[in-house]
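Below you'll find the structure I mean.
Per-chain residue numbering starts at 1, and chain names A, B and C are given in the order in which the chains are listed.
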């Protein structure tokens, strides 16, 4: 066995060495030449991971723009807090529960504390003189476990972000954050293990490329149960069935948030190719980018056209939500090789939002930012599309949607109800009237702006 | 021929295999070892493409900041809509017209519907057992076609974004979007095929690295004809030649937009190296990044110094536009290896903006955000610089600038005039006074802010 | 020697060629096969560099959000100007002073004008027929010098950005920018050469992975001397020791700025691995990403919990600064392989901010955005942690902190005092009352918002 006296030299030398060895041994040995593939796969997770991480900023801006100014500081706080908590909980519990030792066809992984880098990786990093075996032990995994953790962690945070928008303007900060703890430590990882961890839904053939169901509909279901259990904002629904529009305070921020989300979605879907170490992977990743963009564009245009027809105006917030619905819809199957299908999938997503936002209002389900229509409805639609247009079957897709939906509804309802019964989840009426910012954060978001008091 | 029984193994094995074969066959065979280069080239398009995509957010914020609050929701809507439409049209028509079957020295590509992934790529992705030939058929192209489409698509959207700022605050939404349809489907692709598609200007030796002329001046010309045909905003020019300043409503957003554009410009120029598969490409790409940054910095400082001298104050909006002008100016030739030249090119760009913004006002050409000075004037300057400092000749550069300018002026004027004569392009006076937001979007951008009514 | 007749072919052929040669010559030759490593190392600098560049936008938004509206345009101007000036000065003087010909164990590099690409790189780019030697001459360096310049340049700008927040709302624009000239041309490069240039502190074993001390504490020390020499804002400290809170005008922008900084920090720390050309580098880079995120999350949660305990509210601005403090704290040693340590390091950073912000107010040191607590205090803490938990020793770390602190204090004080004695650094009282925007920029940041005059 080769032993190098200098780590850096050794690593640079490896591909050549091994190739030479491979040739000398008379057979083609692919495994260690995979070092370049390992680097590329890992870097793909990092790059796409930082894009998805930035979606936290996108949600923060979207929601900041769509709430009233008296609740804006609180929504900012909730967004940075939930991103932080989701990351910590996924580190403490979630990752292992989602990925480690999931039995084939099983229902969850390991209840073990702390994700940490693998032993092979630590050995490689600690070695002053890395051996070929040490490098091979690491590169055989295909990518650095830490890079995978990073990429998966930002997905959990996305699921949590979805909830915060719906329940804004009336929920208490700390109870909401406790919900995030449970969501990111338990609820999200368990159902995600069913598919991405190699559990029972994966064994059935259920397919969800980047999480229309696993991320978006789960966030959407939690938002829905939260909205129902929490109740609508005071004044949103009038006595005689009237729906009072409560416009958001800062539409450019909502627009910025949407653009950031769109930007981050290339990481969300593109990174979910999970590899960049071959021509096939790079090609498919490119197709995923193209489909992602086309579906979002289709969502925007469809939502604009429909609002123009229905209301004789083009509603900006519908156009923004149309983009997001197109993105959510394509997320289950952005690997379709016919781009026109993506255009249709995204466009239908945009139409669904325009239909479902007023429909939820009719049901008096008060969703401040439209997240249920965007993430749940378009998420279900997109997951079905994999059965209709893609590699899956409709029946299996429906089973997956239903199973994950049932689990998310039950689990989240239990958590919301326990929180409601114990610490309480709703701010009191006076605080709601004055805005949660003064009550919860002791500050105003825009202390110098405003036309004076705006009790909605 | 080797046939692998497992795609993933096969792809990982390829480099080794082929090297071994190459050696065995007694000659050096480079072609298939290009798989790593293919992956890197493709990933460069994706990474730089998502940076340029984010420029759509930059334009949206820049323009949101520089219009009045009563027109802010509309400008947000136009920005997300134009980005969507440009992408769809480039998918439907533009890409083929720009790139496919452009005759050598010709004037346009194919009028064919739908860009789609190439056959070789689809065959590779569909293969359960990919052959060496199948991989080679894909990697020989150098990069995934889908990644190139993505990268080129975001450039079209940039050209369209330029127009929206100039004609803001008085144009109707839908007619503007029809203009974007024609721009992104026809006008932009045809002239771009002359150079980047290998058409007649390319054959002449006209050089435009990343599009000072092909993207920025084209956007600028369309903005100029639009501004003239549309007319100035009511009240902008007083009876006795007075120019009434109309300050933007939200300068931090304009600043954010400029930073986002600067950030995205590393994708714009860096990605236009078009390859990352060799030491030479990576080195040149790095030089492009450095020049891009230095030129922008030069534009800021030059604009600041000149406004200080002229007006005894440092005008923030001029500093921002100075950055953009520096960026536009270096875009035609960011591959110069003497960075000092970039500093000069960018600084002159910054000076030009400070001179041309009031000059256009003298001509009563009302450009809300200064886009004509930034994208057209600095774009022409930058394209000339390739002749002065770089690889091109001044004569050829002038021919290219003039030809593309003439085409853009004529084509865009025809479209604007047809739109004006048919559906009309200008909102009525009452809507202009009240703001296009209520008229076109049925909402306010900042419903809770404001000192009350601000008729300009 | 092989001579190729076509550069592109030659470069693609290289890996294969050289491998074959290596094998033929009977020994393993790693050096030229490093071309892929060269490309990956270089691309890492570019990608991580553009992330750090975007931190300039983060600082601009953070500071825009935390100042009053009457000083917002000025802070935007200062941020884009300082980024530009830092880049130009690092090009003109700084890079050479920091890196070129630093004697082993020495105190600074070369006083030479102009950074420019290396001769080997220029020769490669100029060659029509690149030889193996020409490629090797470039790739032996490990990465493109231009990419390194880009990455290092954005670090200088970060140091300068730190200062602008502290001294906001009362400093004159041009004198501040002169300070930035000296900071980025002289102060920063000299002390950075002591460690990253291979100078005396590096020889001692002082360790600072990505700059808790070299970047953040240096910026913090300059901010501290500036705040003291400049004095507090009028009205900040009442006669009887009362501290008057002066709330920021736009908290969503401050939140956005924090998210952008967090996003950019993956470039700051991840790119400081300085290489991506091996499995070990990619693995360590991934661990750096994970630690960076966990530390920031720890900072947020710790700051939130402590403010809840102390004030019975969760202060949004403390949560934001907690994130930044966690990030600063982990920056000296994000390569720890036990993530739990990162959580602690970041959390303590968050606690320190909550303690030091009111403590500085007690000392009547007026820090508008809390930058001294974030960047100096947490920077010192993080640098110590490398001695406590990591590879360094506490004694050496203390020596480094003290030496760089002493240098930064003395050098910056001299510059501030000279500026104060000559051109003056503080705007006059009337301008301060009316806001620096009208005085310095001749414009308002939000001309249409506001409840009328707000003299604080």
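By definition in this document, a residue touches a chain if its C-beta (ideal position, glycine included) is under 8 Å from a C-beta of that chain, and two chains touch if they have at least 3 such contacts.
Computed from a prediction, not measured in an experiment: that's the story for all the values here.
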Self-contact between copies chain B and chain C, residue sets same or different by half: different
Angle, in degrees to the nearest 5, of the Cα rotation that carries chain A onto chain C: 120
Gap in Å, rounded to a whole number, between the CA centres of chain C and chain B: 30
In chain B, residues with contacts to at least two other chains: 19, 23, 36, 47, 250, 256, 446, 449-450
Residues of chain C defined as touching chain B within the complex: 7-9, 11-17, 19-20, 23, 35-36, 38-39, 42-43, 45-47, 49-50, 53-54, 56-57, 60-61, 64-65, 72-74, 76-77, 79-81, 83-85, 87-88, 91, 114-117, 121-122, 124-125, 130, 135, 138-139, 144-147, 149-150, 153, 173-174, 250, 253, 256, 440-450, 452
Residue numbers on chain C that touch chain A, as the complex places them: 19, 22-23, 28-31, 33-34, 36-37, 40, 44, 47, 51, 68-69, 247-252, 254-256, 258-260, 262-263, 266-267, 270, 276-287, 289-290, 293-294, 296-298, 300-301, 304, 308, 311, 313-317, 319-320, 323, 337-340, 343, 446, 449-451, 454
